[in-house]
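The following pair of complexes shares a single chain, chain A, combined with chain B in the former and chain C in the latter.
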Partner chain A sequence: MSVFRHFSRKLVLNTFKSDIKLQINTHCSVCLRFLSYQPIHYDGKPDPGPVFIKKEVQTLLRTLTRVDLAKVFKKRRFGETQLQQPVYKFMTDEQLQEAYEEAKKKVDTFLQIPPVVAVRKPKDKVLSKDPALQGLDTSAFVFTDISYGVRDSERMILVRETDGTLREADWETRDRINQLYFPVAQRQIQTPKMFQDSNLEDLLKRGEYNFILDRACLQFDPNDPLYQKIVSITYQCVNDNNHFNELRSTRHFGSFVFFLAWNKLIDNLLLDIIESEHIEEAKALVELYSHIHQVKYESKENLQQIDEYIKNHASKKAALELAFQAYKNAAKRKGEVEEGIKRAHGLS
Partner chain B sequence: MASQLLNVTRTLSKLSLNTKCRLGNTLIKLEQELAPQPLFSNPSRNTNFFNKLPAHDLWKGITSVSNAGKKRGRGKTVSKKNIKDLNRGQIIGVGKANIVWPGLTAPIIRGKEIVEQQQLPEDPERQKKLDALRDQMGTHRYAKLSPIERGWSGAKMPGRSIGPPDPIGEEIFTGFDSKVIELKTVFNMKGNFGRKRRVSATVVTGNQNGVAGFANGKGQEPKTALRKAKNRSGQKLMHIKIFRNHTVYHNFFTQFGATKIFVQQKPEGYGLVCHRAIKTICEVVGIKDLHAKVEGSTSVTHVMKAFFLGLIRQKSHEEIAESKGLHLVEFCKENGYFPTVLASPAKCRSPDEIKNDEILDFTQYCYDGRVVLKKKKHPPFYTKHKSYEIYLKKQEKLRNKEEVKMNLIAQYGEIRSFLTEKYPECRPYKEPKKEQAEEDSNT
Partner chain C sequence: MLVPSSGTGQYAALSAKIIRFVRHGCTNRPFFHIVVAERRREQFEPVIEQVGSYDPMPNERNEKLVSLNLERIAYWLGNGADCTKPVQELLGLSGFLPIHPLSYMAAWKNRQVAEAAVVEEKPEGDHK
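On to the complex of A and B.
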C-alpha cells in the first residue's frame, strides 16, 4: 500500500514543475519532494572557516537573521512538568531601559551562530605495529588520557587492536569515548535514530527544521561529516520549500544563509526578501555573496549592486528581475506620494 | 430421710390386716427400679406477645417513634422510606379466604345466571407472592453518585452542583452553574410549637467567566431551601476580574470576622490548592489555578465571604501601575526573563520621587506589608535511622532501572542485556497468551 502511494506520488511529481508548490493541507503547503537531496559537505577547498569568522561576514549574517525580540524570547517549555510563577517588579523608566539592554546582551548568546568549518579528514595514524601481541585478547583496548584541562579534540585516545597494532582512534571512537568520560548533557553515545534517513525524511516533511538543527548541534561537532550531511539536507529542504520564516530569528539562520551563499543557492531567499520589501537584507545578502566568492561589483550603490548580481550571477534571472522592478516601481510611487504630502503640508 | 421413711412403711405394712396390700414393697420397688433423676416440665402458654395486642398496634409500634423518643434520638432506622407498604400487591375483595364477591371481584350476571357469593378453596400462591414482594421492598437505596457528581464528602450536598438558577421571565441563566456550600438543619424555638425545624442552604452560582454570586435560603425541606438559595444567588451577581482566564490578578490578603485568607496567584497547570469552599467558588467563577491558606476560623460562610471580598477588591494591573506611578513588568523563566511590560502609568515617577520606606516589592505590596509564614519543612523521621541508609544503598542499584528500561526499548526495541546477542534466550520472560494457554490445555 505504501509502495503504491510512493509510486503514485512520484508520477504526480513528474507532471509538475519543481517551482510550483502543491497545496495539500490547509495549514501549510508542503512540496511533494522526497529526500532526493544530496548531502553537501564543506570540503575544505577553499576552507570556509576563515571567511565565516570575518567580522563583516558575521555582521551581515546578523542583519539577515532579522532579530525579532518577540520570536527570540518566545515561550518555551524546557521539559519541566510545572510552570514557574513569574516575578513581577515595579520599575522606573531608567530601570526598564536597563532591563532591555540586558535582554539585548542575552540575544547575542541566544543567536550564537553554530560555526561553519571544513569537514574533518579521517584519522589513520598508526603508532606501532606489534604482530607479537596478536591474539592477546578477543577485543580491542582503548586508552584514553583523562587528565583535566585537556580539550576533547586534542585528547589522546589510542586503540590497541586484536592484531597488535597501536593506532590513534578514529573519529567515531573518539566521539564515543569523549562522551563516555566527559559527557555533554543530553548528547547520546550512539547516534540517535532520528538522524537516520527515513526518520529525518519524516521530520522534514513535517517541517520540524529547528528541532533537527538544534539536536544536530547538540549531538555532533561542526566538523563531523554526519552533522554536515544532516544540516545540508535540512537547509536544502528549507530553501526549496521557502520556509525561511521558520529559521529567522534563530541561531541557525546565519549558518543557513552562509551555506546558501557558499553553494550559490541564494536566489530563492533573495526573491523572498525582495518580495517582502526588506531591501537592507537584500543588500546584505548580495554583499555576503561577494565576500564569499570574491566578486567585485562595479557600482558602489547597493541597489545597483543587486541589479548587477541579478544580471551576472543569478540563476533565477527572470523572476528576480521582475520582483526587483516591481519593488523599484513601488518605492518610486511611495516616494512621490510622500513628496506630495510634504508639499501639501508646506514642509519641502 | 428416705431410709427412715422406708423403715416406717415396713413396720406399717406388717401391722395391716390385709396382707395383700403391700405399700412399702411398691415404694421399695420403685426405688430399686428407677435411678435418681431430675424432674422435667414443659411449660405451655395459650397467650404470646403477638396475641396480646391487635395488629394495628403492633404495626404502629414497629413503624413509629414517639415525639419524646425522637428527642432522645431513638428509632434512626424508622422512617417513611423504610416502612413497607402492606397494601401493595393486594386488591380490595381478594384476601386469604378466597371468596367470590359479585359486584366487586366478579360480575353480578354471567350470561343468564346470577353469580352467587361463594367461598373457593384457598390459594397458597397468594401469600408467597405477597411475601416475595415485601422482601424486595424496604431498604431505601440511595442513588449511587459518580465521582464527578460527588460533593466534598459521600452523598452529602455541600460541593454538589444543582444546575443553573431558574429562569426569570425571558432571562435564562445560560452558562451558569450553582454549587452548594452549606446545607444544615437549624432549629428555632417558637412560642406554641416549641422547636421548629428548618433547613438552611448556602449556594454559590457563577458562569465560569467572571460573574458569580452567593446567597442563603431557608425552607422546611432541603429541596425548597436549595431552590430558594439558588435563585437568590442568581439575583446577587458580581463581576470578578480574572487574569488570563485562569487565575487571580495578584496575591492578596482578606479577612471576614476571624477568618483570614492569604491568596496566591499561580501559573497554568497548578490547580486549585485551597480550602474546599474556596475551591468550589473558584470552579463557578472560572479560576483554574490558585493557592489559598485559610487562617483563624474556618467557618464556611466566613471563608466564602472573605474570599468574595478579596476577589472584588482585586486591582487590575493598570490600576496598580497608575496608583504606584511605576511600570509593572513581568519576568518569566519560560521566555528567558525578557521584561514584559504588563502596565504603564501615564507619567512614570523618577527615582528621586520614590520615598525610602516605600514598599517596592510587588509581593509585599499586594499583601499590604504582610508576610506569609513559611513553615520549615523537616525531613521525615526515618531519614535519621540507620535502616534508611541501608535502604538507600540497596536502592542505588534499582533507582535508575526505569530510565534504563526506557533507553533500551528506545535503542533496541526490547529489554535486553549484553549477552542477548550471544545467547538469544537471555530475554525477559513473557507469559504465553491466554488463547495459546487454552490451546495447550485442550490438546
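On to the complex of A and C.
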C-alpha cells in the first residue's frame, strides 16, 4: 500500500509544471480525481446582464485584465499553416507612436469580453394538437423558416411529432438546425467530445484553460446552460490553482473576474494582486465587488476601501490582512527611501 | 450553360407558375428541392427560384428535415402560383396552410392497417 502511495504521489508530482506550488497532504492517499467542482449558472435572480453592461463595470474589467500588448499580439500557431509573413518597417518616432495607437484600437476587438447573461429557460410551447394525424409517419418533421434577414435566436423552427403535435423546437434542436442551415465557421453540429466530463477533466489537469474557453465561446451561445457549466468549472479551477496569468491579457479575464465577484470568490485574486503590488487593480477589484453587490464603503480613499473589504467581506481575512500590511510597510519604506534620495539631491 | 439550382429569377409575366418538388440527390438517395417554376417546363429545366428543401430520409434522430422560405412562398402564392399536392401536404404539416385532407386520409389508412395487423396476430396466438 505504501509502495502504491509512493508511486502515485510521484506520478502526480511529475504531471505538474515546475512553476506551480502544489500542496499534497503526504499522509492521505493521493486522489487523482480533480473535477470535484459544481457548475454555477447565472440564475437570473438577479439578472447579471444589466450589471455587466454598465460602462463603469466594463472599464473596471478592462483595468483588471492588465493589457500586455506583447501577449495580445503574440504569434499564434494554427496547425502547420503560417498566417502571414512578418513585415519589418523603418519608422520615425512619430510613425511608431501612430502604429502604437492603431494597435491599441485593435486591442479593443481582440479583448471583447464574452457577454455574461442569465441562463436560458427551456422552451415548451405547443402550437397545435392534431391526434387525427397519428400514424401518418414514423418520424417527426422539423420545419425551418429560412427567410432572409431573420436572427438565429428569432428564427421559426417547428417540430411536427408522430402523434400530430406541432410545437416549437427545444433549444438543442434549435442550435443544431441553425448550425445546419446557417453555419458559423468552425462550430460543430454535435457538441465536441472535449466538453464531456472526463475529457474536460484531462484538459483542466493540463492547464489548457484558454483552449477550453476559446472553443466554448465559439461553440455555444452565452445563455446556453452547457456553456455556463463549462466556463464556471474552468473559472473555479483557475481560481483554486491561482493560474491567473494564463488568462491575463486575454478576452476571458473580464468575464472570469465578473464570475468571481458575482459568486464572492475574489479573495485568491485579491491576494495575488496585492502580493504582486498592483494596487490600482486591487482598488478596481474591490470597487467591482461594490458595484455588483451594492456595498457602500464608508471611506472614499481607495486604500481604506480595500481595508474595509478585507475586514467586512473577505473570507481569507488573515492572509489578506497580512499581505496588505506587508504591502503598506514596503510602500512606506519605499516612500522614505525616495524622500531621502530627493533630499540628498537637494530637491526638497 | 450551367444554371444554379437556386434559380434564375427569370420568368414570363403571364405564365402559370407552380411550387413543386424537384428530385435531386442520387440513386436510392432522394433529396427534394422545393421550387417555384413555370408549370409547363420539365422537371430539370431551370427554375425561377428555390424556396426550400425536403429530405425524405430520416436522420440519426429520426427527423425529416424541411426548410421553407415562407416569405418567398407567401409572395408567390400571392402572385398566383399553384402548389402540387405533396407541397400542400408539407405546408399543412408545418402550420402555414391548413392540414391537407390527404394527410388525414393517409394517417387513417395507416392506422387501419396497423389495427388489422394486431387483430390478425391475436387469433393466431389464441389458436396456439
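Heads up, the rule we're going with is that the second predicted complex is superposed on the first by the 311 of 348 C-alpha atoms of A that agree within 3 Å, B and C clash if a C-alpha of one lies under 4 Å from a C-alpha of the other, contacts with A are read in each partner's own complex, and residues count from 1 in each chain.
The working rule: contacts are C-beta pairs under 8 Å (C-beta built on N, C-alpha and C of every residue); 3 or more make two chains touch, one makes a residue touch a chain.
Every value quoted in this text rests on a predicted model; they were computed, and no experiment measured them.
Of the two partner chains placed by the overlay, only chain B lies in contact with A:91; chain C stays clear of it.
Legend: residue contacts after superposition of the two complexes on their common chain; A:106 is shown touching chain B, with no touch to chain C. Contact with neither chain B nor chain C is seen for A:38 once the two complexes are overlaid on the shared chain. Judged by the touch definition given at the top, the superposed model places A:166 against chain C, while chain B stays out of reach. In the superposed model, A:76 makes contact with chain B only, not with chain C. Every residue of chain B that touches chain A in the complex is listed here, in rising order: 250, 265-270, 324, 326-339, 341-342, 348-351, 354, 360, 362-363, 365, 410-411.
Those residues of chain A lying in contact with chain C across their complex are 127-128, 130, 132-148, 156, 158-160, 164, 166, 177, 180-181. Residues of chain A touching chain B in their complex: 69, 72-78, 82-94, 96, 99-100, 103, 106, 110, 190, 193. Contact residues on chain C toward chain A in their complex (touch as defined above): 52, 58, 62-72, 90, 93-95, 99, 103-104, 106-108, 110-111, 114.
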